[in-house]
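Beneath this line is the structure, given in C-alpha coordinates, with notes to follow.
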Amino acid sequence: MLRSPAAMGSGAFALALALALAACVTPAERKCLLSGSWRSDTGCRMVVSVLSKDGRFSGSYLPGPATGNSEILTSPLEGSQQDARLVPHPTFSFIVHWQLRDSDTTRTTAFLGQCYTGTNGEETLHALWLLREAADSPTEDWKATRVGTSIFTRIK
Amino acid sequence: MLRSPAAMGSGAFALALALALAACVTPAERKCLLSGSWRSDTGCRMVVSVLSKDGRFSGSYLPGPATGNSEILTSPLEGSQQDARLVPHPTFSFIVHWQLRDSDTTRTTAFLGQCYTGTNGEETLHALWLLREAADSPTEDWKATRVGTSIFTRIK
Amino acid sequence: MLRSPAAMGSGAFALALALALAACVTPAERKCLLSGSWRSDTGCRMVVSVLSKDGRFSGSYLPGPATGNSEILTSPLEGSQQDARLVPHPTFSFIVHWQLRDSDTTRTTAFLGQCYTGTNGEETLHALWLLREAADSPTEDWKATRVGTSIFTRIK
Amino acid sequence: MLRSPAAMGSGAFALALALALAACVTPAERKCLLSGSWRSDTGCRMVVSVLSKDGRFSGSYLPGPATGNSEILTSPLEGSQQDARLVPHPTFSFIVHWQLRDSDTTRTTAFLGQCYTGTNGEETLHALWLLREAADSPTEDWKATRVGTSIFTRIK
(Lines give C-alpha, C1' and ligand atoms only; values in the text may rest on other atoms or scores of the structure.)
Protein backbone atom coordinates (compact mmCIF):
# COMPACT_ATOMS: atom_id res chain seq x y z
CA MET A 1 0.00 0.00 0.00
CA LEU A 2 1.18 3.47 -0.82
CA ARG A 3 1.10 6.07 1.88
CA SER A 4 0.53 9.73 1.27
CA PRO A 5 3.37 12.06 2.15
CA ALA A 6 1.22 13.38 4.96
CA ALA A 7 0.89 9.93 6.49
CA MET A 8 4.62 9.36 6.14
CA GLY A 9 5.17 12.66 7.83
CA SER A 10 2.86 11.62 10.58
CA GLY A 11 4.75 8.36 11.03
CA ALA A 12 8.07 10.19 11.08
CA PHE A 13 6.67 12.60 13.66
CA ALA A 14 5.49 9.73 15.85
CA LEU A 15 8.93 8.16 15.63
CA ALA A 16 10.61 11.45 16.46
CA LEU A 17 8.25 11.87 19.39
CA ALA A 18 8.99 8.38 20.63
CA LEU A 19 12.71 9.01 20.37
CA ALA A 20 12.33 12.30 22.16
CA LEU A 21 10.38 10.64 24.94
CA ALA A 22 13.00 7.92 25.17
CA ALA A 23 15.66 10.61 25.31
CA CYS A 24 13.77 12.24 28.16
CA VAL A 25 13.29 9.02 30.03
CA THR A 26 16.64 7.35 29.58
CA PRO A 27 18.78 10.17 30.98
CA ALA A 28 16.35 10.43 33.86
CA GLU A 29 16.94 6.77 34.63
CA ARG A 30 20.66 7.41 34.54
CA LYS A 31 20.45 10.30 36.96
CA CYS A 32 22.66 8.70 39.51
CA LEU A 33 20.37 8.56 42.51
CA LEU A 34 21.58 7.02 45.76
CA SER A 35 18.39 5.03 46.38
CA GLY A 36 19.07 1.30 46.38
CA SER A 37 21.80 -1.10 47.49
CA TRP A 38 25.52 -0.48 47.20
CA ARG A 39 28.72 -2.33 47.90
CA SER A 40 31.87 -0.49 49.02
CA ASP A 41 35.38 -1.33 47.87
CA THR A 42 36.02 -2.66 51.38
CA GLY A 43 33.14 -5.12 51.09
CA CYS A 44 30.52 -3.33 53.16
CA ARG A 45 26.93 -2.97 52.03
CA MET A 46 24.74 0.10 52.20
CA VAL A 47 21.00 0.33 51.68
CA VAL A 48 19.53 3.76 50.88
CA SER A 49 15.85 4.71 50.96
CA VAL A 50 13.87 6.45 48.22
CA LEU A 51 14.82 10.11 48.13
CA SER A 52 12.37 12.66 49.43
CA LYS A 53 11.38 15.58 47.21
CA ASP A 54 14.18 17.71 48.60
CA GLY A 55 16.78 14.97 48.16
CA ARG A 56 16.95 13.55 51.68
CA PHE A 57 17.37 9.90 52.44
CA SER A 58 17.96 7.48 55.28
CA GLY A 59 19.33 3.97 55.28
CA SER A 60 21.67 1.45 56.83
CA TYR A 61 25.31 0.54 56.62
CA LEU A 62 25.94 -3.19 57.02
CA PRO A 63 29.14 -5.11 57.62
CA GLY A 64 30.08 -7.25 54.64
CA PRO A 65 31.62 -10.70 54.51
CA ALA A 66 34.79 -9.21 53.09
CA THR A 67 35.43 -7.02 56.09
CA GLY A 68 35.78 -9.76 58.62
CA ASN A 69 34.87 -6.99 60.98
CA SER A 70 32.32 -8.64 63.21
CA GLU A 71 32.56 -5.67 65.55
CA ILE A 72 30.27 -3.53 63.39
CA LEU A 73 26.52 -3.95 63.67
CA THR A 74 23.96 -2.61 61.22
CA SER A 75 24.25 1.16 61.61
CA PRO A 76 21.84 3.93 60.63
CA LEU A 77 22.73 6.60 58.08
CA GLU A 78 21.12 9.86 57.03
CA GLY A 79 21.95 12.26 54.26
CA SER A 80 20.92 14.14 51.19
CA GLN A 81 21.74 14.42 47.52
CA GLN A 82 22.07 17.83 45.88
CA ASP A 83 20.47 18.64 42.54
CA ALA A 84 19.30 15.04 42.23
CA ARG A 85 17.70 14.47 38.79
CA LEU A 86 18.97 17.90 37.66
CA VAL A 87 22.68 17.38 37.02
CA PRO A 88 24.56 14.42 35.56
CA HIS A 89 26.90 13.89 38.55
CA PRO A 90 25.07 15.01 41.70
CA THR A 91 26.98 15.45 44.95
CA PHE A 92 25.83 13.83 48.18
CA SER A 93 26.65 13.69 51.86
CA PHE A 94 25.61 11.32 54.60
CA ILE A 95 26.44 10.56 58.20
CA VAL A 96 26.75 7.09 59.74
CA HIS A 97 26.47 6.60 63.50
CA TRP A 98 28.26 3.34 64.14
CA GLN A 99 26.67 0.67 66.28
CA LEU A 100 29.48 -1.44 67.69
CA ARG A 101 29.44 -4.74 69.51
CA ASP A 102 31.03 -4.56 72.94
CA SER A 103 31.85 -0.87 72.73
CA ASP A 104 30.39 2.31 74.12
CA THR A 105 32.71 4.55 72.10
CA THR A 106 30.87 7.01 69.90
CA ARG A 107 32.08 6.77 66.31
CA THR A 108 30.66 8.84 63.49
CA THR A 109 31.61 8.98 59.82
CA ALA A 110 30.80 11.85 57.48
CA PHE A 111 30.84 10.85 53.80
CA LEU A 112 31.05 13.53 51.09
CA GLY A 113 30.99 12.47 47.47
CA GLN A 114 29.64 12.50 43.99
CA CYS A 115 27.73 10.00 41.86
CA TYR A 116 29.18 9.29 38.40
CA THR A 117 27.57 7.41 35.54
CA GLY A 118 30.02 5.58 33.29
CA THR A 119 29.66 5.25 29.52
CA ASN A 120 28.11 1.83 30.14
CA GLY A 121 25.49 3.34 32.42
CA GLU A 122 27.12 1.91 35.55
CA GLU A 123 26.81 4.20 38.52
CA THR A 124 29.75 4.68 40.86
CA LEU A 125 29.92 6.67 44.07
CA HIS A 126 33.24 8.35 44.85
CA ALA A 127 33.46 9.63 48.41
CA LEU A 128 35.94 10.92 50.91
CA TRP A 129 35.12 10.45 54.55
CA LEU A 130 36.14 11.58 58.01
CA LEU A 131 35.72 9.16 60.92
CA ARG A 132 35.74 10.59 64.43
CA GLU A 133 36.12 8.48 67.54
CA ALA A 134 34.98 10.57 70.51
CA ALA A 135 37.99 11.94 72.39
CA ASP A 136 38.04 11.92 76.17
CA SER A 137 39.40 15.46 76.45
CA PRO A 138 40.60 18.38 74.31
CA THR A 139 44.21 17.22 74.64
CA GLU A 140 43.23 13.95 72.97
CA ASP A 141 41.34 15.70 70.19
CA TRP A 142 44.27 15.89 67.77
CA LYS A 143 44.17 12.14 67.13
CA ALA A 144 40.40 11.67 66.99
CA THR A 145 39.90 11.81 63.23
CA ARG A 146 40.72 9.37 60.45
CA VAL A 147 40.41 10.09 56.73
CA GLY A 148 39.96 7.90 53.67
CA THR A 149 38.06 7.24 50.48
CA SER A 150 35.33 4.82 49.53
CA ILE A 151 34.06 3.74 46.14
CA PHE A 152 30.61 2.18 45.94
CA THR A 153 29.05 0.21 43.09
CA ARG A 154 25.40 -0.70 42.79
CA ILE A 155 24.29 -4.20 43.82
CA LYS A 156 21.82 -5.44 41.22
CA MET B 1 16.97 32.05 118.60
CA LEU B 2 17.78 28.45 119.29
CA ARG B 3 16.79 25.93 116.70
CA SER B 4 15.94 22.40 117.52
CA PRO B 5 18.14 19.71 116.07
CA ALA B 6 15.25 18.75 113.84
CA ALA B 7 15.01 22.26 112.44
CA MET B 8 18.73 22.35 111.91
CA GLY B 9 18.52 19.05 110.19
CA SER B 10 15.76 20.37 108.04
CA GLY B 11 17.76 23.45 107.12
CA ALA B 12 20.82 21.37 106.35
CA PHE B 13 18.71 19.12 104.20
CA ALA B 14 17.27 22.09 102.33
CA LEU B 15 20.78 23.37 101.72
CA ALA B 16 21.96 19.99 100.59
CA LEU B 17 18.96 19.75 98.30
CA ALA B 18 19.62 23.18 96.88
CA LEU B 19 23.24 22.26 96.27
CA ALA B 20 22.22 19.01 94.68
CA LEU B 21 19.77 20.81 92.43
CA ALA B 22 22.43 23.34 91.54
CA ALA B 23 24.81 20.49 90.85
CA CYS B 24 22.20 18.96 88.58
CA VAL B 25 21.43 22.17 86.81
CA THR B 26 24.87 23.65 86.38
CA PRO B 27 26.45 20.70 84.62
CA ALA B 28 23.38 20.50 82.42
CA GLU B 29 23.90 24.11 81.44
CA ARG B 30 27.49 23.29 80.65
CA LYS B 31 26.57 20.31 78.52
CA CYS B 32 28.09 21.77 75.41
CA LEU B 33 25.03 22.06 73.16
CA LEU B 34 25.43 23.54 69.70
CA SER B 35 22.31 25.72 69.96
CA GLY B 36 23.19 29.41 69.76
CA SER B 37 25.63 31.66 67.91
CA TRP B 38 29.24 30.81 67.19
CA ARG B 39 32.24 32.48 65.61
CA SER B 40 34.83 30.46 63.71
CA ASP B 41 38.57 31.08 63.81
CA THR B 42 38.29 32.40 60.27
CA GLY B 43 35.76 35.03 61.32
CA CYS B 44 32.58 33.39 60.06
CA ARG B 45 29.42 33.26 62.13
CA MET B 46 27.10 30.32 62.60
CA VAL B 47 23.64 30.30 64.13
CA VAL B 48 22.25 26.97 65.32
CA SER B 49 18.62 26.24 66.25
CA VAL B 50 17.38 24.60 69.44
CA LEU B 51 18.11 20.89 69.30
CA SER B 52 15.26 18.49 68.74
CA LYS B 53 14.74 15.62 71.17
CA ASP B 54 16.92 13.34 69.09
CA GLY B 55 19.70 15.90 68.79
CA ARG B 56 18.98 17.35 65.34
CA PHE B 57 19.39 20.98 64.47
CA SER B 58 19.31 23.37 61.55
CA GLY B 59 20.84 26.79 61.14
CA SER B 60 22.81 29.20 59.00
CA TYR B 61 26.41 29.88 58.18
CA LEU B 62 27.11 33.58 57.61
CA PRO B 63 30.12 35.31 56.14
CA GLY B 64 31.97 37.38 58.71
CA PRO B 65 33.68 40.74 58.40
CA ALA B 66 37.03 39.07 58.89
CA THR B 67 36.69 36.84 55.89
CA GLY B 68 36.47 39.59 53.32
CA ASN B 69 34.79 36.88 51.33
CA SER B 70 31.83 38.69 49.86
CA GLU B 71 31.28 35.73 47.57
CA ILE B 72 29.54 33.71 50.28
CA LEU B 73 25.89 34.34 51.04
CA THR B 74 24.03 33.14 54.12
CA SER B 75 23.99 29.37 53.69
CA PRO B 76 21.78 26.73 55.32
CA LEU B 77 23.18 24.00 57.55
CA GLU B 78 21.73 20.82 59.01
CA GLY B 79 23.14 18.36 61.46
CA SER B 80 22.89 16.53 64.72
CA GLN B 81 24.65 16.16 68.03
CA GLN B 82 25.22 12.72 69.55
CA ASP B 83 24.56 11.98 73.19
CA ALA B 84 23.73 15.63 73.81
CA ARG B 85 23.16 16.28 77.53
CA LEU B 86 24.50 12.78 78.30
CA VAL B 87 28.26 13.06 77.90
CA PRO B 88 30.64 15.92 78.77
CA HIS B 89 32.10 16.31 75.24
CA PRO B 90 29.40 15.32 72.73
CA THR B 91 30.33 14.80 69.07
CA PHE B 92 28.42 16.51 66.28
CA SER B 93 28.20 16.64 62.52
CA PHE B 94 26.60 19.09 60.14
CA ILE B 95 26.46 19.82 56.44
CA VAL B 96 26.56 23.29 54.85
CA HIS B 97 25.28 23.82 51.30
CA TRP B 98 27.03 26.96 50.16
CA GLN B 99 25.07 29.75 48.52
CA LEU B 100 27.49 31.70 46.38
CA ARG B 101 27.14 35.01 44.62
CA ASP B 102 27.73 34.77 40.88
CA SER B 103 28.38 31.04 40.91
CA ASP B 104 26.41 27.96 39.98
CA THR B 105 29.05 25.57 41.31
CA THR B 106 27.73 23.20 43.95
CA ARG B 107 29.89 23.32 47.07
CA THR B 108 29.18 21.33 50.18
CA THR B 109 31.08 21.10 53.46
CA ALA B 110 30.78 18.28 55.95
CA PHE B 111 31.87 19.24 59.48
CA LEU B 112 32.65 16.52 62.03
CA GLY B 113 33.66 17.55 65.53
CA GLN B 114 33.31 17.57 69.24
CA CYS B 115 32.20 20.17 71.80
CA TYR B 116 34.58 20.76 74.71
CA THR B 117 33.92 22.72 77.89
CA GLY B 118 37.00 24.40 79.38
CA THR B 119 37.71 24.70 83.09
CA ASN B 120 36.26 28.21 82.89
CA GLY B 121 33.02 26.90 81.43
CA GLU B 122 33.83 28.24 77.97
CA GLU B 123 32.56 25.99 75.20
CA THR B 124 34.72 25.34 72.16
CA LEU B 125 33.90 23.38 69.04
CA HIS B 126 36.76 21.50 67.41
CA ALA B 127 35.92 20.24 63.93
CA LEU B 128 37.56 18.83 60.85
CA TRP B 129 35.81 19.38 57.56
CA LEU B 130 35.78 18.22 53.98
CA LEU B 131 34.72 20.69 51.28
CA ARG B 132 33.68 19.28 47.90
CA GLU B 133 33.33 21.40 44.79
CA ALA B 134 31.30 19.40 42.26
CA ALA B 135 33.61 17.88 39.64
CA ASP B 136 32.61 17.94 35.98
CA SER B 137 33.64 14.33 35.37
CA PRO B 138 35.19 11.33 37.12
CA THR B 139 38.64 12.27 35.79
CA GLU B 140 38.36 15.59 37.65
CA ASP B 141 37.20 13.91 40.85
CA TRP B 142 40.66 13.54 42.38
CA LYS B 143 40.97 17.29 43.00
CA ALA B 144 37.40 17.96 44.16
CA THR B 145 37.95 17.82 47.92
CA ARG B 146 39.64 20.17 50.35
CA VAL B 147 40.31 19.45 54.01
CA GLY B 148 40.83 21.63 57.06
CA THR B 149 39.94 22.38 60.65
CA SER B 150 37.70 24.95 62.29
CA ILE B 151 37.48 26.07 65.88
CA PHE B 152 34.32 27.83 67.02
CA THR B 153 33.73 29.87 70.17
CA ARG B 154 30.35 30.99 71.43
CA ILE B 155 29.21 34.56 70.74
CA LYS B 156 27.62 35.93 73.90
CA MET C 1 78.27 -45.45 42.37
CA LEU C 2 77.64 -45.72 46.08
CA ARG C 3 78.01 -42.67 48.15
CA SER C 4 79.17 -42.71 51.70
CA PRO C 5 76.72 -41.48 54.34
CA ALA C 6 78.96 -38.53 54.79
CA ALA C 7 78.66 -37.63 51.14
CA MET C 8 74.90 -38.05 51.30
CA GLY C 9 74.84 -35.90 54.32
CA SER C 10 76.88 -33.38 52.43
CA GLY C 11 74.46 -33.47 49.53
CA ALA C 12 71.48 -33.08 51.81
CA PHE C 13 73.21 -30.19 53.49
CA ALA C 14 73.88 -28.54 50.15
CA LEU C 15 70.21 -28.95 49.23
CA ALA C 16 69.11 -27.55 52.55
CA LEU C 17 71.51 -24.66 52.05
CA ALA C 18 70.17 -24.03 48.58
CA LEU C 19 66.62 -24.03 49.88
CA ALA C 20 67.58 -21.76 52.70
CA LEU C 21 69.22 -19.37 50.27
CA ALA C 22 66.16 -19.50 48.04
CA ALA C 23 64.01 -18.82 51.06
CA CYS C 24 66.19 -15.86 51.83
CA VAL C 25 66.11 -14.55 48.31
CA THR C 26 62.50 -15.07 47.35
CA PRO C 27 60.94 -13.12 50.20
CA ALA C 28 63.49 -10.43 49.58
CA GLU C 29 62.28 -10.16 46.00
CA ARG C 30 58.74 -9.81 47.26
CA LYS C 31 59.68 -7.14 49.79
CA CYS C 32 57.59 -4.45 48.17
CA LEU C 33 60.26 -1.90 47.30
CA LEU C 34 59.29 1.33 45.60
CA SER C 35 62.16 1.21 43.07
CA GLY C 36 60.84 0.98 39.53
CA SER C 37 57.96 2.30 37.45
CA TRP C 38 54.40 2.70 38.67
CA ARG C 39 51.08 3.75 37.25
CA SER C 40 48.51 5.55 39.40
CA ASP C 41 44.77 4.94 39.25
CA THR C 42 44.45 8.36 37.61
CA GLY C 43 46.79 7.37 34.79
CA CYS C 44 49.95 9.13 35.92
CA ARG C 45 53.34 7.45 35.84
CA MET C 46 56.01 7.52 38.51
CA VAL C 47 59.62 6.41 38.23
CA VAL C 48 61.52 5.71 41.46
CA SER C 49 65.27 5.26 41.84
CA VAL C 50 67.07 2.41 43.55
CA LEU C 51 66.75 2.83 47.31
CA SER C 52 69.76 3.93 49.29
CA LYS C 53 70.89 1.87 52.25
CA ASP C 54 68.74 3.90 54.61
CA GLY C 55 65.69 3.62 52.38
CA ARG C 56 65.79 6.97 50.60
CA PHE C 57 64.89 7.44 46.97
CA SER C 58 64.34 10.11 44.35
CA GLY C 59 62.39 10.01 41.13
CA SER C 60 59.92 11.67 38.80
CA TYR C 61 56.20 12.01 38.50
CA LEU C 62 55.03 12.15 34.88
CA PRO C 63 51.68 13.10 33.42
CA GLY C 64 49.95 10.14 31.80
CA PRO C 65 47.87 9.94 28.65
CA ALA C 66 44.81 9.24 30.75
CA THR C 67 45.01 12.46 32.68
CA GLY C 68 44.60 14.77 29.72
CA ASN C 69 46.29 17.18 32.03
CA SER C 70 48.84 18.79 29.76
CA GLU C 71 49.43 21.41 32.44
CA ILE C 72 51.71 19.11 34.45
CA LEU C 73 55.33 18.70 33.42
CA THR C 74 57.68 15.99 34.64
CA SER C 75 58.10 16.78 38.33
CA PRO C 76 60.76 15.67 40.80
CA LEU C 77 59.96 13.58 43.86
CA GLU C 78 61.93 12.58 46.96
CA GLY C 79 61.11 10.23 49.76
CA SER C 80 61.96 7.23 51.82
CA GLN C 81 60.67 3.80 52.68
CA GLN C 82 60.66 2.55 56.28
CA ASP C 83 61.85 -0.90 57.22
CA ALA C 84 62.34 -1.75 53.56
CA ARG C 85 63.31 -5.43 53.16
CA LEU C 86 62.46 -6.01 56.85
CA VAL C 87 58.66 -6.07 56.99
CA PRO C 88 56.11 -7.48 54.54
CA HIS C 89 54.20 -4.20 54.01
CA PRO C 90 56.64 -1.31 54.46
CA THR C 91 55.34 2.24 54.78
CA PHE C 92 56.68 5.07 52.63
CA SER C 93 56.43 8.81 52.17
CA PHE C 94 57.44 11.09 49.35
CA ILE C 95 57.04 14.69 48.30
CA VAL C 96 56.38 15.92 44.76
CA HIS C 97 57.15 19.51 43.79
CA TRP C 98 54.93 20.15 40.77
CA GLN C 99 56.35 21.71 37.65
CA LEU C 100 53.49 23.38 35.85
CA ARG C 101 53.24 24.85 32.37
CA ASP C 102 52.21 28.49 32.39
CA SER C 103 52.01 28.76 36.16
CA ASP C 104 54.18 30.19 38.90
CA THR C 105 52.01 28.81 41.68
CA THR C 106 53.89 26.57 44.08
CA ARG C 107 52.13 23.24 44.47
CA THR C 108 53.43 20.42 46.62
CA THR C 109 51.99 16.99 47.35
CA ALA C 110 52.91 14.83 50.32
CA PHE C 111 52.14 11.13 49.79
CA LEU C 112 51.99 8.78 52.78
CA GLY C 113 51.31 5.12 52.17
CA GLN C 114 52.12 1.48 52.41
CA CYS C 115 53.23 -1.17 49.94
CA TYR C 116 51.17 -4.38 49.88
CA THR C 117 52.01 -7.64 48.13
CA GLY C 118 48.97 -9.63 46.98
CA THR C 119 48.71 -13.40 47.06
CA ASN C 120 49.72 -13.38 43.39
CA GLY C 121 52.88 -11.45 44.17
CA GLU C 122 51.51 -8.24 42.66
CA GLU C 123 52.65 -5.13 44.49
CA THR C 124 50.21 -2.31 45.14
CA LEU C 125 50.86 1.05 46.73
CA HIS C 126 48.05 2.53 48.80
CA ALA C 127 48.58 6.18 49.65
CA LEU C 128 46.77 9.17 51.00
CA TRP C 129 48.01 12.57 49.96
CA LEU C 130 47.74 16.24 50.82
CA LEU C 131 48.18 18.78 48.01
CA ARG C 132 48.93 22.37 49.00
CA GLU C 133 48.68 25.28 46.61
CA ALA C 134 50.58 28.20 48.13
CA ALA C 135 48.16 30.69 49.70
CA ASP C 136 48.70 34.41 49.23
CA SER C 137 48.00 35.22 52.87
CA PRO C 138 47.01 33.62 56.17
CA THR C 139 43.35 34.46 55.54
CA GLU C 140 43.48 32.33 52.39
CA ASP C 141 45.20 29.47 54.16
CA TRP C 142 42.03 27.59 55.08
CA LYS C 143 41.40 26.57 51.47
CA ALA C 144 44.96 25.77 50.45
CA THR C 145 44.91 22.01 50.97
CA ARG C 146 43.27 19.19 49.04
CA VAL C 147 43.13 15.57 50.15
CA GLY C 148 42.74 12.29 48.30
CA THR C 149 43.99 8.77 47.75
CA SER C 150 46.11 7.15 45.08
CA ILE C 151 46.65 3.50 44.24
CA PHE C 152 49.71 2.57 42.21
CA THR C 153 50.45 -0.67 40.38
CA ARG C 154 53.81 -1.66 38.97
CA ILE C 155 54.46 -1.16 35.24
CA LYS C 156 56.26 -4.26 33.96
CA MET D 1 70.40 78.00 55.49
CA LEU D 2 69.10 77.47 52.03
CA ARG D 3 70.02 74.32 50.25
CA SER D 4 70.38 74.07 46.54
CA PRO D 5 67.93 71.84 44.78
CA ALA D 6 70.83 69.50 44.03
CA ALA D 7 71.69 69.17 47.73
CA MET D 8 68.05 68.57 48.54
CA GLY D 9 67.93 65.98 45.86
CA SER D 10 71.04 64.35 47.26
CA GLY D 11 69.57 64.27 50.75
CA ALA D 12 66.32 62.85 49.49
CA PHE D 13 68.25 60.27 47.53
CA ALA D 14 70.25 59.24 50.60
CA LEU D 15 67.04 58.89 52.56
CA ALA D 16 65.44 56.89 49.79
CA LEU D 17 68.54 54.68 49.64
CA ALA D 18 68.48 54.15 53.38
CA LEU D 19 64.82 53.23 53.25
CA ALA D 20 65.44 50.94 50.34
CA LEU D 21 68.26 49.22 52.20
CA ALA D 22 66.07 48.89 55.24
CA ALA D 23 63.35 47.53 53.04
CA CYS D 24 65.80 45.02 51.63
CA VAL D 25 67.11 43.93 54.98
CA THR D 26 64.00 43.86 57.08
CA PRO D 27 61.93 41.64 54.81
CA ALA D 28 64.92 39.36 54.47
CA GLU D 29 64.96 38.93 58.23
CA ARG D 30 61.26 38.24 58.10
CA LYS D 31 61.60 35.59 55.43
CA CYS D 32 59.93 32.93 57.47
CA LEU D 33 62.60 30.24 57.56
CA LEU D 34 61.97 27.04 59.49
CA SER D 35 65.41 26.97 61.12
CA GLY D 36 65.14 27.25 64.90
CA SER D 37 62.86 26.07 67.69
CA TRP D 38 59.09 25.89 67.51
CA ARG D 39 56.22 25.00 69.79
CA SER D 40 53.07 23.39 68.43
CA ASP D 41 49.55 24.21 69.59
CA THR D 42 49.49 20.79 71.28
CA GLY D 43 52.57 21.63 73.34
CA CYS D 44 55.21 19.70 71.41
CA ARG D 45 58.57 21.18 70.55
CA MET D 46 60.40 20.98 67.26
CA VAL D 47 64.01 21.89 66.52
CA VAL D 48 64.98 22.52 62.89
CA SER D 49 68.52 22.74 61.50
CA VAL D 50 69.93 25.49 59.34
CA LEU D 51 68.57 25.14 55.82
CA SER D 52 70.87 23.87 53.09
CA LYS D 53 71.27 25.89 49.90
CA ASP D 54 68.43 24.01 48.25
CA GLY D 55 66.12 24.43 51.24
CA ARG D 56 66.53 21.06 52.94
CA PHE D 57 66.61 20.62 56.68
CA SER D 58 66.65 17.98 59.38
CA GLY D 59 65.69 18.16 63.02
CA SER D 60 63.85 16.62 65.92
CA TYR D 61 60.34 16.49 67.24
CA LEU D 62 60.18 16.39 71.04
CA PRO D 63 57.31 15.62 73.37
CA GLY D 64 56.25 18.66 75.38
CA PRO D 65 55.10 18.93 78.97
CA ALA D 66 51.62 19.82 77.76
CA THR D 67 51.14 16.59 75.89
CA GLY D 68 51.39 14.31 78.85
CA ASN D 69 52.28 11.80 76.19
CA SER D 70 55.24 10.07 77.69
CA GLU D 71 54.96 7.44 74.99
CA ILE D 72 56.73 9.62 72.42
CA LEU D 73 60.50 9.82 72.41
CA THR D 74 62.58 12.40 70.57
CA SER D 75 61.91 11.62 66.92
CA PRO D 76 63.87 12.61 63.80
CA LEU D 77 62.39 14.76 61.05
CA GLU D 78 63.49 15.65 57.55
CA GLY D 79 62.06 18.07 55.05
CA SER D 80 62.50 21.05 52.81
CA GLN D 81 61.22 24.56 52.32
CA GLN D 82 60.31 25.83 48.85
CA ASP D 83 61.38 29.21 47.58
CA ALA D 84 62.90 30.00 50.96
CA ARG D 85 64.11 33.62 51.06
CA LEU D 86 62.34 34.28 47.74
CA VAL D 87 58.67 34.55 48.65
CA PRO D 88 56.96 36.07 51.70
CA HIS D 89 55.08 32.90 52.74
CA PRO D 90 57.15 29.89 51.67
CA THR D 91 55.61 26.41 51.73
CA PHE D 92 57.33 23.51 53.46
CA SER D 93 56.99 19.78 54.00
CA PHE D 94 58.60 17.42 56.46
CA ILE D 95 58.31 13.84 57.61
CA VAL D 96 58.57 12.63 61.21
CA HIS D 97 59.37 8.99 61.96
CA TRP D 98 58.02 8.46 65.46
CA GLN D 99 60.15 6.78 68.10
CA LEU D 100 57.81 5.26 70.63
CA ARG D 101 58.44 3.79 74.03
CA ASP D 102 57.25 0.20 74.33
CA SER D 103 56.00 -0.02 70.77
CA ASP D 104 57.25 -1.55 67.56
CA THR D 105 54.47 -0.04 65.46
CA THR D 106 55.76 2.12 62.62
CA ARG D 107 54.16 5.56 62.71
CA THR D 108 54.98 8.31 60.26
CA THR D 109 53.59 11.81 59.93
CA ALA D 110 53.78 13.96 56.79
CA PHE D 111 53.41 17.68 57.48
CA LEU D 112 52.59 20.06 54.63
CA GLY D 113 52.32 23.75 55.38
CA GLN D 114 53.21 27.35 54.90
CA CYS D 115 55.10 29.92 56.96
CA TYR D 116 53.32 33.23 57.55
CA THR D 117 54.76 36.42 58.99
CA GLY D 118 52.27 38.56 60.90
CA THR D 119 52.21 42.34 60.90
CA ASN D 120 54.20 42.24 64.16
CA GLY D 121 56.90 40.14 62.54
CA GLU D 122 55.82 36.99 64.39
CA GLU D 123 56.25 33.86 62.32
CA THR D 124 53.58 31.18 62.38
CA LEU D 125 53.60 27.80 60.70
CA HIS D 126 50.23 26.49 59.50
CA ALA D 127 50.31 22.83 58.56
CA LEU D 128 48.02 19.96 57.79
CA TRP D 129 49.31 16.47 58.46
CA LEU D 130 48.61 12.85 57.75
CA LEU D 131 49.65 10.26 60.34
CA ARG D 132 49.91 6.64 59.21
CA GLU D 133 50.15 3.74 61.61
CA ALA D 134 51.39 0.72 59.65
CA ALA D 135 48.49 -1.61 58.81
CA ASP D 136 48.93 -5.36 59.16
CA SER D 137 47.22 -6.12 55.85
CA PRO D 138 45.46 -4.42 52.91
CA THR D 139 42.07 -5.05 54.54
CA GLU D 140 43.18 -2.98 57.52
CA ASP D 141 44.51 -0.18 55.32
CA TRP D 142 41.30 1.86 55.30
CA LYS D 143 41.74 2.88 58.94
CA ALA D 144 45.50 3.48 58.93
CA THR D 145 45.51 7.25 58.42
CA ARG D 146 44.64 10.12 60.70
CA VAL D 147 44.41 13.78 59.64
CA GLY D 148 44.73 17.06 61.49
CA THR D 149 46.27 20.49 61.66
CA SER D 150 49.13 21.97 63.63
CA ILE D 151 50.09 25.56 64.27
CA PHE D 152 53.64 26.31 65.38
CA THR D 153 55.01 29.48 66.91
CA ARG D 154 58.70 30.27 67.34
CA ILE D 155 60.31 29.72 70.75
CA LYS D 156 62.55 32.68 71.48
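So that you can tell them apart, the chains are marked A, B, C and D in the order they are listed, and the count of residues begins at 1 in each.
Basically, a contact is a pair of C-beta atoms (placed from the backbone, for glycine too) under 8 Å apart; a residue touches a chain by one contact, two chains touch by 3 or more.
This one's a predicted model, so the numbers in the text were calculated from it and none came from an experiment.
Among the pairs A-C and A-D, the greater number of C-beta contacts is found at A-D. Chain centres computed from CA atoms place C at the largest separation from subunit B.
One finds 28 Å separating the Cα centroids of subunit A and subunit B. If you average the CA atoms of subunit A and of subunit C, the two centres end up 33 Å from each other. Measuring from the averaged C-alpha position of subunit A to that of subunit D gives a distance of 41 Å.
Residue positions of subunit D with contacts to 2 or more other chains are 128, 130, 145, 147-148. Residues 42, 66-68, 130-131, 139, 142-143, 145-148 of subunit D are the ones that touch subunit A when the two sit in their complex. Residue ranges of subunit A in contact with subunit B, taken from their complex: 78-80, 82-83, 87, 89, 91, 93, 95, 97, 106, 108-114, 116, 118, 124, 126, 128-130, 132, 134-138, 141, 144-145, 147.
Residues of subunit D touching subunit B in their complex: 128, 147-149.
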